[in-house]
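Letters A, B and C name the chains as they come in the text, with residue numbers starting at 1 for each one.
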């Protein structure tokens, strides 16, 4: 069954009751007969042509553009008054050169910007994946069983506020290498929102759904997969979204401390080379990747969401 | 003032307990009916009293024609339209059968209902039978379809307390389900009392009548004291005086004293054609209200005497 | 003496943080097969509690509940429940919601094709075939409740238990659904126990109206048998003397005899 992405409450009622063929195009059906319907509606009435809405485009695009321009302006002022701080133009120049060949390999510690970003992302993925694999089931257990909740909650409250970077030395001690230590740090900082949000989600599953499960006499497994899991999914995704920002933040810092490959290491390396342009470029890259990750997860969250009453 | 209840008779078992013989009655104006009745006797299962004895519980008679009733022509001539025969049992022992005849007509509405509960079958008390006469349209439909739980509704209240109840105004009553219908046909007085039976089962008999035709002219409920030595009037209603419930109206009799005191000892109803002769100030009160005759009916519960109901005419 | 559903001397007391709450007292009730019984009373009189006890969602503090001569020990699809909040799973389509129930009850003995047919027949019965693939948030409240009824009926339950199923709907939708329910119940011959506080609904739909006293320690006060002929037409009945009398009798119970208790509590 394909799902429907709705843009909001006001569209919901309109969408459900709108009989126009073009409105039906926005909803999908299941089954063979629906292909026929889809084809028919595709050939059917096209939306009326409207003049291009320059007004709203300008209204939406102009403020960020102005903001950005202001930033460049301030930057230029700073550059002019300083000897070491590079100007926007020279930075742009370096960037062009840098992105010309993002995937070169000259040695284990001298690789293209593309590789560095990918390595960092890789570590995040592994740490994150492990956190999900451990945190989400743990969240289910805590949410479902009162005893487990009372057992684990104090621990979580105690460990949650600890800065992930404080965990790094422990990682280095246990794993004795930079890569696993960095992954460990990602793991320990991403796991808390996932556990807590999943647990809350399980506790917040409406009693009505559980009553339905009881009347249907569903097995515990079916209850978890058909009822709990879909009901908790939005909470889980919230937990994931909260974690991803921190994870990306942490990996850069961890890599600065441990060295090796990765965008964090690269920043530190460029600092040692006093290549300020590259540091600024790195800031932009880190920001862009972070933003992309968040947007990706938001898209995933919307895809799996449903309007709950 | 015409009353809904016209005749009250009492039939007692003969010495050999094979027949029911005449044991006293109030015939009021219906002397001819009385004349033929006084010499009758009924075997078990014979006639209205015999049927009640045989069945072990009250029997409603609403159609004289074609029934076991033997005094059809006389009843019709006297304007009697319905009756109920109530056996009084002390345990399994029949002490008497009381037969009450009522008469309603177009101008005077009244109804008799018999409610029962069979504890082995359900917890509901429902209508066994009833005579509705001109009130049928208003009452009968709902009464036949309603069942009451213990403590609810007029029958349910009597069932729970085991004591008779008199309701002065059904239309205003918080306990009467059919208040709306009652008001429409002018039914306002209600009287219900528990009936003793042989074997299990709770029976409640109810009389309902209209403003113009009260059930009787005065009701009284007398309760024995804990020791059984005295009887106190605990509740009552008089058409001319109003409610007699308050402490100001409480009167006490010695057990066995007068017409009202006797049934408590014998288990048999007592009759008096001359109410003014009653002891304890009752006679004077009756005379002052213009009441001439009275009947006292005992209420037995599980073989124990719990109350006497007195009706004055 | 065997009734289809038997509630025998049931008492229900809840232990809450504020102490114990005596919800139901001395409840005795029998329901025959194919009968439509309504439980009516003011809010807080324990009628939903009684329904949940019959469903098996609650265990009585004392007393016994039997369905078809077997003790009601736990909830199950043979005592299907239609909740006041439809309780459709929002991540499943209407079809899938009903299918979940059908699959649970019949998958052991029937193939996928038969399960599909059952699901579609149930949705057809409530007139929801055009909205098979829609999600609950895409359909109106009345339609959601219809799917809830379809889900319950699809399980071919012994008893259909309905907890104020139309309470959350507007009057017109409620009237339509009541009429549909009448037709469905006539077609399926289901035994139904419904909770409501709507007097008209109770008299229109049921064979018997069970009137409950006010809580706490609520019990059954009176039972009125409604033997108006079926099929029942609400428009024609509005003027029928017997219907009007029944309706007034129930109203009188609720608002005259139980009403003054409410006023005192207010």
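Methods note: contacts are C-beta pairs under 8 Å (C-beta built on N, C-alpha and C of every residue); 3 or more make two chains touch, one makes a residue touch a chain.
All values derive from a computational prediction rather than experimental measurement.
If you draw each protein chain as a dot and join the dots that touch, you get a simple line with two loose ends.
The chain occupying the central position, as judged from C-alpha centroids, is C. Inter-chain contacts peak for the pair A-C.
Each chain gets one centre point, the mean of its Cα atoms, and the points for chain B and chain C are 43 Å apart.
Spacing of chain A relative to chain B, judged by their CA centroids, is 87 angstrom. Note: centroid distance chain A to chain C, computed from Cα atoms, is 46 Å.
Along chain A, no residue makes contact with two or more other chains.
Contact with two or more other chains is made by no residue of chain B. Here chain A touches chain C in the complex through residues 1, 4, 6, 12, 15-17, 27-31, 34, 206, 208-209, 211-212, 214-218, 222, 226-227, 230-231, 233, 306-309, going by the rule given at the top.
The part of chain C that touches chain B in the complex is made up of residues 1, 28, 30, 213, 219-227, 242, 245-246, 248-249, 252-253, 256-257, 260. Only residues 121-124, 141-142, 145-149, 152-153, 156, 174-175, 177-181 of chain B touch chain C when the two sit together in their complex.
Put simply, chain C touches chain A in their complex at residues 55, 57, 74-77, 79-81, 83, 85, 87, 89-93, 95-96, 100-101, 104, 132-140, 155.
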